[in-house]
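Structure incoming, see below.
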Amino acid sequence: MSDRDTDVPDSSGPEMQDHLRIPFISRRRALQLAALGLGAIGAPTLLAACGASTAATTSGGGSSAGKKGGDLVIVRDRDSVAMDKTTVFSNGSLWVYQQMYECLLAMTDDGQGVKPWLAESYEMAADKMSCTFKLKAGVKFSNGQPMTSADVKFSIDESSKTKGGWEFINTAIKEVTTPDDLTVVVKTKYPWAPLLADLSCPNNGIIPKDYGGKTAKDFYAAPVATGPFMWDTWEKGNFIRLKKNPTYWQPGKPSLDTVTWKVVSDENARAIQLQGGQAHINEAPPFSSLEQLKATPDVKVELFPSTRTDYIMMNQTKTPFQDVHVRRAISYAINREAMVKNVLFGNGTPANSFLMPTVPFYDKNTPGIQYDMDKARAELKQSSVPNGFTTTWLGLSGDSVDSAISQIMQASLKDLGITLKIQNVDGSAQHDMTGKLQYEIAHSYWTMDLADPDELVQYALDPDSGGHSFQTGMKNAELIGLSRQAAREFDKTKRQALYTQIQQKAAETAFLGFLFYTPFPYATRSSVKGFQVLPTGYYHMENVSLSS
Amino acid sequence: MSAPTVAFDPLEPPEPDVLVPRRRLRGRRRNTPLVAGLTLFSLIALVALCAPLLTNHDPIQQSLNEAFLAPGAAGHPLGTDALGRDVWARLLYGARVDLSVAVLAVVSPFVIGSLIGLVAGWFGGWIDTIIGRVIDVVIAFPFLVLIIALVFTMGPGTTSIYVAITLVGWVAYARIVRAQVLVAKEQEYAMAARVSGLPTWRILLRHLMPNVVLQAIVFSMSDIVLTLLAIVTLGFLGLGVPPPTPDWGTMIQEGQQFILSKWYMSTIPGLAVVLTGLSLALIADGIVEKANRR
Amino acid sequence: MKYPVYVAKRLVSLIPVLFGISLIVFFLIRLIPGDPAATLLGSHATVQSVAELRSQLGLDLPVWQQYLTFLGHLLHGSLGFSFVYNSPVTDLIATSLPVTLWVLASAAFFTLLVAVPLAVWAAARRNGVADNIIRAVPVIGLGLPSFWLGIMLILLFGLKLHWFPVAGFGTTIPAHLWSMVLPGVTVALTLAPILIRSLRASMVEVLGSEYIVTASAKGISRTRVVLGHGLRNAASSSITVLGVNLAYLTGSTLVVERVFSLPGIGQQMINSILGRDFPTVQGITLVFAIMVVIVNLLTDLAHAALDPRVKLA
């Protein structure tokens, strides 16, 4: 869902925005859910996506193709920020600490629901105001201490109490009680269907009560938890390493001895290290390098389905973008096929809607504006600036995808008589300026974390959600009304009809130029077995093994 | 003191002109480096000027279906880039941009820096101290912050590059000239000039400057290349010459992601930089030759 | 003026330099767009949480007050706390600075190793074949961008021949030394051409001067003339060139650090600027400033020591 990552940006670099935007929860989203009282919506259709997903096989061990042991190295272009599960959002941190902190429940593989994890069973009360969880027996923390319900209570309360972080996830929770050592009862303030999903979010990961006697700061400097891996060492800016948890509750797992995430900002250096065997997994290699990587012996390229979609944003508070004909003209001038070919090197599909195929209620029949220069010229003739105009693209320095898109647009728009100047600023500045609507036209993207379109719909169409309508400044009363209506609709058929309408109208108004849908790219050595990335971007290291 | 041992022995009967005292010449030998350098540079500049005659491709004309053609393809002697633009054309037109930016961006630091260095070295005292501290501040200043600030305030275009390089580049010249002045001012001619009653500015500009500026000129030749490379580094950060203007720096930077597969994309413009650098280096040597023949 | 007094004076002058530079950077980085809290939290942070974080980081205070806090910390020997890593800036610098120093040392070593003999040879054999080759060939190193050179060296000597590590810094001293070869050579390939020309130019000038003629006439062997007198005097003006470039290099080891995955201070500086990690930017700037002043000081001292004609101001 995020259109900007929160990770520590890498140096200077190319791929300031890498292709792997792993989503994190939308606070706004959850607050809205609470406000709109959507407790009635059933759990299967709505869940908070940050839950740790389950392994492909929870029991019976992971892939048996690999041998035991081994030290896995992942190279990526950014570092983690901190291990504090209550306040940290950066994916670079999340993916790492998810290997340590586990929750009562975990997300299923298909991302559509949850399943038992540290809780072996649960039961929702009849009045739907509380849920009772039975904890698995014999689960230990990595320091050997047994996990009890007191730890669970502490962990959930901790997140609820810590301000400026993920606490909004737990707003529905009234109280956590512990009738006995292996039973936890979570009471909510009102009937709240997403409760199970909320409890699978990493911020509700289980840690020792009272931080095991340490201060919060000391604890998070070397956390102790129940996950397959435990804390080893962190050389900031260089690498972070976790090691195998010998007391892990799943038998036979994990296979690996250590997992190291190394920071390598240069994409060529990452590819070389993968080739030379110094690294086993290359996270988010640029699409331009995939051909060459595929041809490398012992290296395989994997493209995991994702919810990432790219757009061109046009600021309607700046002339002439408030004119729908101008926006439509520009949208007609986007040569998506060419972009997929030249910018993505074939790894993507043109977008026809602001929603993506991997999300429910996406309508593939939405007649989104597609490439047609004649229609573009016709639209411009009807607009307030029939002879063209000059505008500036706020580009992202060091991002080759953004750069290529802007130059392709520059050429297409020139044909229409529109002069596009390109101004590149760094990521932080671009974020700032687009957030304050101090730009004219720019590129952006989105990845979902919910299996529900409402998150994106609210952000993109409803200015009240705080996103200025995906930073376009649009205030379309009809679309706003439709989106709110759709959020409250429980009947699936009716909901689909509404979202179809929304997508169609949104496409007509061309408030965003829809570009394309892309997968998550990873390059791994063929010795890596069992590595899989879920649509939310998460992976489970306990299932990964290294064959010789 | 005993002679240090040497790893090699360049000794042979000395060449005549090394032993000849400076003011006596035994026939003029051709100043090869100067001639060679000027020829090469003029050639490059000429090629840049005549770009439209040497190619009929538009350097910013994209042809998305003809991207990544290798050198030697029909109609594209050096191939095409990621957006199907002809590399030879971009190289030629890029020469215009790069040569002018590099030369112009060196002139003001050279002039400003040399003058400041002259003043600092000659007057010494608190003037020198203050200038010295300003130099320290400038050298230690994080260039990237400056560039971001300038690009943001001045908008897209090459002006921000000129300003940034001038603000930072004068320091090298100041230090070099100052060091030379410290030596020169103890020389007899300088002391004579001082007591002669000539106005200071005249001493500085007409007597001192020609004698101390040699090292600065030599450095400026390298500096032009360094400036070219600085623009490449800025391109690395995405803060260089804005598209679609072709320039060697952007071409090198765009080719960087393909180093492992299509290495020639960065190498070709790199070689253009090398050739230009070579010509400038030769010119520098020629100047040194000339100075030593007076 | 005596050396110790001069050195003391220069070190005292460090204070206004540090003050000046910290002031400029402090304000400049707050003027460019980009908010540390917003950058850390991402675009979907609520207005309240951004405000909350800004308050925690002390960013909601007036700028001059923030500066005074910064100065206060400085007086206690602290460079503040990184917004991003939540650890003391001094700790971050303590791990990254040594890496960069190793790179600089390696670069200086290889530069001198290559440049000095070649320059002397070229000057002694002025206008001969060797001279022309020595002047022309290194320019190739100057013209090719260092990231290209670096990658090529890695591919050849690291990946194919396995002589040197492909990346990283290593954990033991021998490993450090080994990992410094390719980065040092990469930088040297850019620095050496500059030094060769300047050293050669000085040597030619010196060798053509009258007192060299005198020395030769006195029967001192040519080797002694060239190396003993010539080199020593030529060195002084070239020291300046090397010193200036090394000072610049402190900030420009970035490319080499990137390509060779060295967790040095150049890399850290870039990251903290892009992440708007104000305390780290300020801290590293101060460290750079100190390093630059010291390098300049050493250069000036060396210049004076080598050339008796120079009087220290």
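In this document, chain identifiers A, B and C correspond to the written order of the chains, with residue numbering beginning at 1 in each.
In this section, a contact is a pair of C-beta atoms (placed from the backbone, for glycine too) under 8 Å apart; a residue touches a chain by one contact, two chains touch by 3 or more.
Owing to the predicted nature of the structure, the values given are computational and were not obtained by experimental measurement.
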If you average all the Cα positions, which chain's own average lands nearest? C
By C-beta contact count, B-C versus A-B, the higher one is B-C
If you average the CA atoms of subunit A and of subunit C, how many Å lie between those two points? 40
For the pair subunit A and subunit B, the C-alpha centroid-to-centroid distance in angstrom is 47
Could you state the distance in Å from the CA-based centre of subunit B to that of subunit C? 19
Show the residues in subunit B shared as contacts by 2 or more other chains, in ascending order. 144, 148, 152, 236, 256, 259-260
The positions of subunit A in contact with two or more other chains are 12-13, 268, 272, 425-426, 429
Multi-partner residues in subunit C (2 or more other chains touched) are 32-33, 147, 151, 155, 270, 273
For the complex, which residues does subunit C have touching subunit A? 32-35, 38-47, 49, 52-53, 56, 84-87, 92, 95-96, 147, 151, 154-155, 158-159, 166-169, 254, 258-261, 263, 267-268, 270-271, 273-276
Using the touch definition from the top, list the residues of subunit C that touch subunit B in their complex. 13, 16-17, 20-21, 24-25, 28-29, 31-33, 117, 120-121, 124-128, 132, 135-136, 139-140, 142-148, 151, 155, 190, 193-194, 197-198, 201-202, 204-205, 207-210, 213, 216, 221-224, 226-228, 237, 240-241, 243-244, 247-248, 251-252, 255, 269-270, 273, 281, 284-285, 288-289, 291-293, 296, 303, 307, 309-311, 313
Looking at the complex, which residues from subunit A come into contact with subunit C? 1-6, 8-13, 16, 24, 26-28, 31, 81-82, 89-90, 163-165, 168, 235-238, 262-266, 268-269, 272-273, 275-276, 278, 425-429, 431-433, 435, 438, 459, 466-467
Listed in rising order, the residues of subunit B that touch subunit C in the complex are 1, 3-4, 6-11, 14-15, 17-22, 29, 32-33, 124-125, 128-129, 132-133, 135-137, 139-146, 148-149, 152, 171-172, 175-176, 179-180, 182-183, 186-187, 214-215, 218-219, 221-222, 225, 229, 232-233, 236, 252, 256, 259-260, 266-267, 270-271, 273-278, 281-282, 284-285, 288-289, 291-292
Listed in rising order, the residues of subunit A that touch subunit B in the complex are 12-14, 267-268, 271-272, 286, 288-289, 291-292, 335, 338, 341-342, 392, 395-400, 403-404, 406-408, 410-411, 421-426, 429
